[in-house]
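Scrolling down, you'll hit the structures one after another.
One chain, chain A, links the two complexes that follow: it is found with chain B in the first and with chain C in the second.
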Partner chain A sequence: MSTLAVAESGGGVGRASGFARTWLPAALVFGIGLLCWQWIFPDVLGVKPFLLPRLSDVLSALWENRDALKTAAWITFKEAFGGLILGSGIAILAALVLARWRPLGNALIPYLIAANAIPVIAFAPITNAWFGTLSPWSKIVIAAALCFFPVLVNTLRGLTSVHPSSIELMHAYACPQRTIFWKLRIPAAMPYLFTALKIAAVLAMIGAVVGDYFGGSTESLGVQIQSAVALSRYELGWAAIVVASVIGSVLYGAVALAERFVIRWHPSVRAVD
Partner chain B sequence: MINVIKRVAIGIAVLVGVCAFYTGYRELFLATGWTWPFEVDDITLPSLPSIVGALFDPVQEDGELLISLLFKAALFTAKEAFVGFVIGTIVGFTLGAVIARFQMLQRGLMPYVVGSQTIPILAIAPIVVVGLGSLTIAGWTPSDWLRVSVISAYLTFFPVTVNTVRGLESADPRAIELMRSYASGEWAIFLKLRLPSSLPYLFGAFRIAATACVIGAIIGELPSSIQGGLGGAIINFNQYYVLNPQNLWATNLMAAALGISFFLVIVIAEKLLVHRPPETLT
Partner chain C sequence: MSAQESVVSISGLGKVFPKGGVTALENIDLGVQPGEFISLIGPSGCGKSTLLRIIGDLTQPTSGEVLVNGKPAPQARLDRDYGIVFQAAVLFDWRTVAKNIALPLELLKWDRAKRDARVSEMLDLVELNDFGSHYPWQLSGGMQQRVSIARALSFSPALLLMDEPFGALDEMTRERLNLELLSIWAETKSTVIFVTHSISEAVFLSTRVVVMSPRPGRIAGVVEIALAQPRGVRTREEPRFFELVTEVREMLHAVETEAELPE
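Up next is the complex of A and B:
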């Protein structure tokens, strides 16, 4: 979206005012959003605290429970991060294998896409039975399973998205298959891979938090949310969700940052600068 | 026709392959006694015949068969997911159309619509479902399943909004100029040009949403006392997992079938309605 805005404001408009035009509406909406959360929802519209507690109440719950939330955030972050690495790693390896045997990969892609429609998170009780409810591995494995299909499908698409004329050119230069793979297929797959990793970063976080709803360590973020809701301490529940959102955004941001370094040459990244 | 037969044949081969892998893994680990990464026995990985057999056993003494119970639960969850899907699509499309119409709104709102995808939205399911339970609007309280639909609607709404904006803006500018030169109103341009050209994008969103609304419905059933659906069945069978692990596995297979069915309905609808495939859709 920001690419679009920058391109539009480029024509004849000064850089500073272009910046203001791009970001002012967003900043305005942010301010209005906070105002609504703090005053307009609870006072004017009468939104009850069990739906969305006042912003200042959520913030003070965040501050009062900072130690418990910090511990929970660290446990859940480790689970999500482990799941992201494990799931994406296996998916990338599988994509490399399937891209090597093209007919197999092409035949399997529709089924992999359909498998992506399986509500994997519902299998969390089973990983609990495998590794024990309190073990972090039950959450890591479910987070990894959530990441697996999107990363596999996108990486495979990327590896097979090379333009045929590029391959012909490489053949004309008598390049061996291995060179084509390293110089052509891997770079072509990178934008697809990073798109998938960004999705997977959020999915891993969902796996770690929602996996807890089926049972988990009492110190973890998901169980904290669940017990806060059970005790009608909604502001604490929302505070924990704010923490989960921040971790999700940080994971997402880390992948987006890595993307900008790894595929600097790609138009979608260059246009942002 | 040959294509269809080929597809079905590959589908069966994939299914057989998955079953063979599961059984092979189970037998290998049982035979060797390997315990890494987890111990394999009849509780952690119940045999396939026992899972299928459980489907045709009564759940309680002289009660109804598991398969009929699960079928009813799947229909219940499907109802929640479908209603959520429809609500989410209507809200998402309307918001997307408004955002696409006004540049300022787009700059103001789109960063947050996109940014909201970095938030584990599913995590708020228990809070919203439990919270809505104590809501009364003029003496009317939303019924249990409708509260769960709100989660499905919420998960549907985001991808639909984003793709509606992208789709409505994907109309060929030359075609828009042509219609303007014929003095067509904005409304006619919207109906005859923008809406048709947004269809491929809309279906891209529907594919994501079809999966998400089923997940939302299952997770939404967890915290509350909503027993009729698959989420309730999962919680229920999870408590008796050590006694009857097959029941939970069978429930999860039913959940997987439901998710895939929703997805396939969208894929088939897309084949029927969209004749021009888009160049790139995720």
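Up next is the complex of A and C:
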């Protein structure tokens, strides 16, 4: 359909209309969402402000409290980002070790998979006891623990699901294991790693905000949401949620951007180009 | 023939797979001289691929001896004495064509300038000059296999092992690549061991065709292919070509009938 449109209108106009056609449906849905939030829910359906405050009220609360929210955003962003780096970093190293020494992997993987079933969030009060309620580390550790498993499992799968012929090729060239990792297993694992990192980026933000709920710096985003709601300042609570969503999207977007750059060769990315 | 002057010298080779105790190969004796083009042909289960993999030290024999350039096969592998081409091109998706060809050279620690010079020579050889900066997925199956051949030959190994390299390609592409392989072989003066299912391909390419029988895999006979070199499109139309194809085919039929008889 879109190629037809390009052929009809031709040239630069055609490209612009192709672009519009690709993004128009999504933009339309976004607009309808905002419209519902602003008018349909409060005016037509009579949704009460404590259930969902009007969009313009949330936006003005966002503007009025911009300084406090900016500080809160920065604190929680640091917690989420620290957790993402720490959790993913350890998971990648662990995946490399487990893929390199298979017997060790075979011994540990069942337990790692079982550990994956632990609701990490349940540990939030405990990490507060470990690191101190006001310490950012108690939240970073929760965010890191949430990121750890998906990154470990996916990276390990990527490192080990290399085509046997590729391994034989490297073997024919008398490559040591280290070279096989550098030239073959690690590049082959990149698409798996990025899939995991995109999941982890979202989980890190969840970990940081929920970690805040269990007690954190009074200036953090999670505490801001909690106290605003406790004081019935719903529009401020929603404004903080909007900020948290934006941070989550930025983290995700950064990983997705890095992915497009690093694995330009992969089908998932080259289809977009 | 002495082991010294042979590129490959196989004596009393046997292979029993531990799983189920299947005898894949039995009593294989074969010598390959420098510059020869040897095809291994036979019905499925005759162990021709296994034999190739043993020569390349990718599988271990249970008995007998394989010498490559006068050395045991594992030492020859460590010395990087051979290049290998599989049925699939086995190119790395994240490397461009040029970088795929350069892979063995990187592993041999050639410097950048030397590598680049050789890669452009190899691109020339397989007629892919304009495709060095393409990625494997941007090429057709036949082109990918040419990249794979260029990679295997890039470091001028004494021996080229090819395991049904054109098996997955259509007939037209296959015949064109056969011609190309022959001219590469003439140009590089390498020794080739080539596994195939196709009788005409084996006869067209080889200096000798080794016909193998299944269960257990044995050498049933060797056909000398005394067709004039260099061979070209016309070779396939010569009466002598048909005679040799018939000779190989009859040997294969005999082998298969024998295999079907109850013991």
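One rule holds in what follows: the second predicted complex is superposed on the first by the 245 of 273 C-alpha atoms of A that agree within 3 Å, B and C clash if a C-alpha of one lies under 4 Å from a C-alpha of the other, contacts with A are read in each partner's own complex, and residues count from 1 in each chain.
The criterion applied here is as follows: a contact is a pair of C-beta atoms (placed from the backbone, for glycine too) under 8 Å apart; a residue touches a chain by one contact, two chains touch by 3 or more.
What you see is a predicted model, and the numbers here were worked out from it, not measured in a lab.
In the superposition on chain A, A:L184 makes contact with chain C only, not with chain B.
When the two complexes are overlaid on their common chain A, residue A:L169 makes contact with chain C while staying clear of chain B.
Contact comparison for chain A: of chain B and chain C, B touches the greater number of residues.
Once the two complexes are laid over each other on the shared chain, residue contacts for A:I263 go to chain C alone; chain B is not touched. With both structures placed on the common chain, the touch criterion links A:I90 to neither chain B nor chain C. Shared-chain residue A:A254: touches no atom of chain B or chain C.
Of the two partner chains placed around the shared chain by superposition, neither chain B nor chain C is touched by A:I109.
Those residues of chain A that touch chain B in the complex are listed here as 1-2, 5, 21-22, 24-26, 28-30, 33, 48, 50-51, 107-108, 110-111, 114-119, 121-123, 125-126, 128-131, 137, 141, 154, 195, 201-202, 205-206, 209-210, 213-215, 222, 225-226, 229-230, 234, 237-238, 241, 244-245, 248-249, 252-253. Residues 163, 165-166, 168-169, 171-175, 179, 183-184, 187-188, 190, 263, 265-267, 270 of chain A are the ones touching chain C in the complex. Chain contact summary for the complex, chain B toward chain A: residues 7, 10-11, 14, 37-38, 43-44, 104-112, 114-115, 117-120, 122-128, 130-132, 134-135, 210-211, 214-215, 218-219, 222-223, 230-231, 234-235, 238, 241, 245, 248-249, 252, 255-256, 258-260, 262-264, 282. Put simply, chain C touches chain A in their complex at residues 56, 58, 77-80, 82-84, 86, 88, 90, 92-94, 103-104, 106-107, 135, 137.
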